[in-house]
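Working notes, beginning with the structure itself.
Chain lettering (A, B, C and D) follows the sequence in which the chains are written, and residue indices restart at 1 in each chain.
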Amino acid sequence: MSNEEPAPELGVGMIGYAFMGAAHSQAWRTAGRVFDLPLRVRMAAVCGRDQERVTAAAARLGWAAAETDWRALIARDDVQLVDICTPGDSHAEIAIAALEAGKHVLCEKPLANTVAEAEAMVAAARAAASRGRLAMVGFNYRRVPALAYARQLIAEGRLGTLRHVRVTYLQDWITDPDFPLVWRLRKEHAGSGALGDLGAHIVDLAQHLAGEPLTGVSALTETFVRERPLPAASAGLAASGGTGRGAVTVDDAALFTGRFGSGAVASFEASRFASGRKNALSIELNGARGSLAFDLERLNELSFHDHTEPAVTAGFRRILVTEPEHPYLDAWWPPGHGLGYEHTFVHQARDLVHAVAAGEQPSPSFADGLQVQRVLAAVEESAAKNSAFTPVA
Amino acid sequence: MSNEEPAPELGVGMIGYAFMGAAHSQAWRTAGRVFDLPLRVRMAAVCGRDQERVTAAAARLGWAAAETDWRALIARDDVQLVDICTPGDSHAEIAIAALEAGKHVLCEKPLANTVAEAEAMVAAARAAASRGRLAMVGFNYRRVPALAYARQLIAEGRLGTLRHVRVTYLQDWITDPDFPLVWRLRKEHAGSGALGDLGAHIVDLAQHLAGEPLTGVSALTETFVRERPLPAASAGLAASGGTGRGAVTVDDAALFTGRFGSGAVASFEASRFASGRKNALSIELNGARGSLAFDLERLNELSFHDHTEPAVTAGFRRILVTEPEHPYLDAWWPPGHGLGYEHTFVHQARDLVHAVAAGEQPSPSFADGLQVQRVLAAVEESAAKNSAFTPVA
Amino acid sequence: MSNEEPAPELGVGMIGYAFMGAAHSQAWRTAGRVFDLPLRVRMAAVCGRDQERVTAAAARLGWAAAETDWRALIARDDVQLVDICTPGDSHAEIAIAALEAGKHVLCEKPLANTVAEAEAMVAAARAAASRGRLAMVGFNYRRVPALAYARQLIAEGRLGTLRHVRVTYLQDWITDPDFPLVWRLRKEHAGSGALGDLGAHIVDLAQHLAGEPLTGVSALTETFVRERPLPAASAGLAASGGTGRGAVTVDDAALFTGRFGSGAVASFEASRFASGRKNALSIELNGARGSLAFDLERLNELSFHDHTEPAVTAGFRRILVTEPEHPYLDAWWPPGHGLGYEHTFVHQARDLVHAVAAGEQPSPSFADGLQVQRVLAAVEESAAKNSAFTPVA
Amino acid sequence: MSNEEPAPELGVGMIGYAFMGAAHSQAWRTAGRVFDLPLRVRMAAVCGRDQERVTAAAARLGWAAAETDWRALIARDDVQLVDICTPGDSHAEIAIAALEAGKHVLCEKPLANTVAEAEAMVAAARAAASRGRLAMVGFNYRRVPALAYARQLIAEGRLGTLRHVRVTYLQDWITDPDFPLVWRLRKEHAGSGALGDLGAHIVDLAQHLAGEPLTGVSALTETFVRERPLPAASAGLAASGGTGRGAVTVDDAALFTGRFGSGAVASFEASRFASGRKNALSIELNGARGSLAFDLERLNELSFHDHTEPAVTAGFRRILVTEPEHPYLDAWWPPGHGLGYEHTFVHQARDLVHAVAAGEQPSPSFADGLQVQRVLAAVEESAAKNSAFTPVA
């Protein structure tokens, strides 16, 4: 940065400081140290319910102040952008309030737990946009450099007419039937299980990479372990009562097929029961002119098959997406020196700051988040209707 | 072989000598040279419609005689086992005739083009069994050593309760819209497209490895290229006429999900439009105690994750399935010296000869082939009924 | 951090702010945000020769002040630890001065350009240690979690008696003969070429993982492109003058074999001419009870073969080194959410701060750096003496 | 084969019927069934010392007759080609006698146990050539399709000026110190250990692929386990006597570096102590315009990096070497249906029959085998002279 005048400040306030809050904090601390940003990020305040813990978190994570009431955080003059890192059941209320208060908003995925909430959020975002306030939903995997580059290759036509999209997102953290009934396993808090947590990511990615929305789906969901021990400190969560066990009210796995308007077909699988798969988001796209494959457990790599080459030398090539010409990479390390999971949030912060400075809609928008929500709703509807193919509203 | 008396002979007659016939011939020539067999295989006769070409094929492939009428082949006294390598539309007629004529039968997959035909074949096999004649269907991939070993591990309980089966079989040989309208693209000859050709393999494998049948499926099929140039020498194939182009009447791709009685869920995808994937049969099974993964393009390897190990040292291990303790391997080369595609047929021939000598039902039986056919029929029915979940009859 | 009293401060001053300086800055900014540290890191000042550029770098990278004279930086009262990120030819002078000034020192690798310099640095470190001042050399790859875990497995005896160490470090950034004659290609600045830059890393890793020093080496070095265009702004670098081209005076590649006292043998290859290999540090160790393999381009993975298992289920397992039980991982993200290159520096900073707080020698010490330097010197001596096996002094 | 007249016969006689003999038999049985050959192979006779066992082997492997004296086999009128599958210490005597008797010769690798023997064999081959008799040495890995294709790519200039050749051949079958003292571990029978057995293969491959001979080497060898139990039935093998243990008199591992006349450098490692590596022959070549990598445990694949592509899309591509345009593949199965280890021998037989029919020198010649032997001798000389760089004679 050779700017002579310091860039204007952008005050950020963050709500929630658990896993996502820690990742976002690392991003806000880092973005301006690595990228040339048009605004100087100021980490104004973080919000959590417990005074002592949020104060400690502020000190630890680098926030200038701590709040215990999200409405107070939104009301702060030194906050121009509200970053929502809470569970999905509070997204709509907070995001709408923040937008109405004249703040820009970054909201973690999934956008909301229901389509109705998401629709209200989109309406609020539209109204705010007319006042120059912007809203973004945090599908961070779009900003893995390899996936950002995949999108470029597809947009350039390197895959030709798309035929297949094949995505799985596999984890294994609840295979043990004695793993406790945490909030993510209760519908009232999480909305759904693997579907909303993992499925939301892969639906967004599939649509983003394909460059078009899904038009319909056929689905099957399953809950393999239907009752679990109550977690130590939150027996109240268990609707069904009993001494120490409660019902799992979300899906453990969701499998669905789908169609795009262009004629391509897609398959999706999200599961928390795939023993040995830790964070295995794998996507493959096959088109008339080429194919791409990606695995989040090897996120610095993109596999590309150019189907226009002679068969005798053709094959999936492993592109190490660490060249300065690759998205985001000119600001980082030399070729071959890979990035990690957290950098997706740094890139997200970078792009959002640019959008705010330019007054341009960041991507993915709340409308994109709503579209994902509609697909998830169609999945649930199809699963409830004997897997009947269900149009996305 | 330290036998003092020579083993009795088993005369084999084969019908069809194209791709499958060549692979089976290599198997019949090789099985007794590598394995200790209780019967000496004699390659008695091969049958094809064209006298000159079948005579040349007999000489080339090592058959003692050539026939042009399959009924004549079946009638030969020196043939005790009939090996059917023709397209699916002739399987039922030939197999039933051969069984009724008192021959053992090996029939290529899929068992038949329809459930009705397959049922008639099972009835004929049952009747023949009572007379000591045996019938087997050629799902050769069961005898890839890595998959045979996978079945052992599963049968030993190393995966525990099964949660997921995930199988894809991807090829790309018709991605070019100018690829001609060969017989495999016409329903009257092939029965179906990717479904019967590739889907039959993965349905059989999934059921065989899981050790239980699918109880129902939800499916979606697609034909991406609906009209193709007629092949040079067979314009008569085109039902729709026109000058030089005809309708593709089978699926290019089939995607389906399914359920097993035990509660496990499964996903399947078969396609001829996956650019860059040549013969990519990939299967993964996730259970409560472990997972297995396999890729036919690396057929000497099996990936096994033991979920009972401490997480800190757990991971998918790449087992090179070339140890003498692995199925079939004690007869082959030292560890690390891999086998290829054709060896699956050698193992099939070996096991069939043992079954015939012992008078025991070989596996997979015609009933197994019928079960696959019923799944494929349910797939087609579901695809026709808006993907509604359809029980397997 | 539940500490009631704030931790005491540790003021850090850094010299050099290019590639290594940027990586170290990210580490100093991050370590205390992610790990519980016994001292609060204060990024007191950064030093560089150009006033304007170092001032901009300080602002960008997060340093409170900027200096243009490294002696001034060392002299600052608010600096207790000096972090040396300059080229190797200045390491000895700065490190010795800093230690004598009563500062702790972190010095980038290689420790020095000559054994004599390194010996003087070790002497200075010893003297400083008696006054409670500590010195560490920056072999950051020891702190890739997968390699830190590899060291644990080896120390636990999981490999048994070691037989083989096999290491390559391959890059390709100067394959183009028109790539300019940068300082890294001149002996007076860089000491050596691929040998000191890449070879130093793999010699340190091999010795660290094996848990013992190399006793001798036999080597061969090569300079494939012996003359290159002078870089635009620094024609003065070219000793041989001429109009625009100068001599490359370091090695492009170094290959050597070696022996450990325990009887194990080792092979090493460092090259900047391996087209397609970007930062490919690969290491494999084979012992009587097991083997380990690692590739820096997939740094979240460790391959482990347990040779005590039955052969039938044995195989290299891919451990995703992202479990909370793995080194450093409990402070980061959930399993499967990988780290990147820069995190090695965060871990280095963490461990150094702990060592300083405890008054304990951090590892690797300057003596470890000297041992590497002695191996590199033996490599050069062997290469000059017709590859004769040369003991490490 | 549309030939109207049957092709003339080529009678083959084979000496030795263990591992190599079984592999060669499979090749002789198969070559003419798969490829169009100008001569009809007749498996005339096999030779071994034990009458009963060789008779059984003849029946099992498909040879028309059995002999117990190799001189008798050579003398047979129905044998025109002698295939030598015995240990290396008998190669020279048999091959020279066969050539002098007017037979073509195929001799297993290594050509001989000493340079002097190999020189005598080359002299005999030259004399025989003037009488129209041909000699070939069995470096079968040249005929892995992926490696044959690699040679094509290199010959076409796709790698440009070669910089690096890096080859390892790793096995682990004697890691157990109680593995018995078999003939391969005694110098008088095997000549050397890993060096002659595995090193011969990789030296030949490196030179063949590079298209030029090595000019010199620097080497280090090691015997990790120096005494082993005598094998049950052959206590006489132990030179040093003792009650049940004898000295290992060959190397367990050999590591060496080398130079080519063109300026490229090379590294080699052959070991029988690499736990977990079963038959791991890995080769990588780096040139100014591209790189190739291959692993024998995945022999249907070739990795190719085209360094002339833009960096942004460049990467090692995995070519599945199963297309009809690839060497030997038009005679085999459709794309993606892989071959195995034994097919290298089928291809060797095919090419030798063509050479005999055409009266042209097959490749590799005895002179090629001698060149490998000279490299191995230089390796041993260097290892004995403190690793001094030793020119290849």
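Definition applied: a residue touches a chain if its C-beta (ideal position, glycine included) is under 8 Å from a C-beta of that chain, and two chains touch if they have at least 3 such contacts.
Note that the structure is a prediction, hence the values are computed from the model and not measured.
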item	value
Per Cα centroids, the chain farthest from chain D	A
Between the pairs A-C and B-C, the one where more C-beta pairs touch	A-C
Chain A and chain B, separation of their C-alpha mean positions in angstrom	42
CA centroid of chain B to CA centroid of chain C, Å	55
Centre distance in Å when chain A and chain C are each reduced to the mean of their C-alpha atoms	35
Multi-partner residues of chain D (at least 2 other chains)	277, 305, 314-316, 320, 335
Chain D contact footprint on chain B (complex, rising order)	1-2, 19, 23, 25-26, 29-30, 33-34, 56, 59-62, 171, 173, 277-280, 296-300, 320, 322, 333-343
Footprint of chain D on chain C - complex, ascending	163-164, 166, 168, 170, 172, 175, 218, 220, 222, 224, 253, 255-257, 259, 263, 265, 267, 269, 271, 273-277, 284, 286-291, 305, 307, 314-316, 382, 386-389
Chain D partner contacts - residues on chain A that touch it in the complex	149, 153, 304-305, 310-320, 323, 325-326, 335
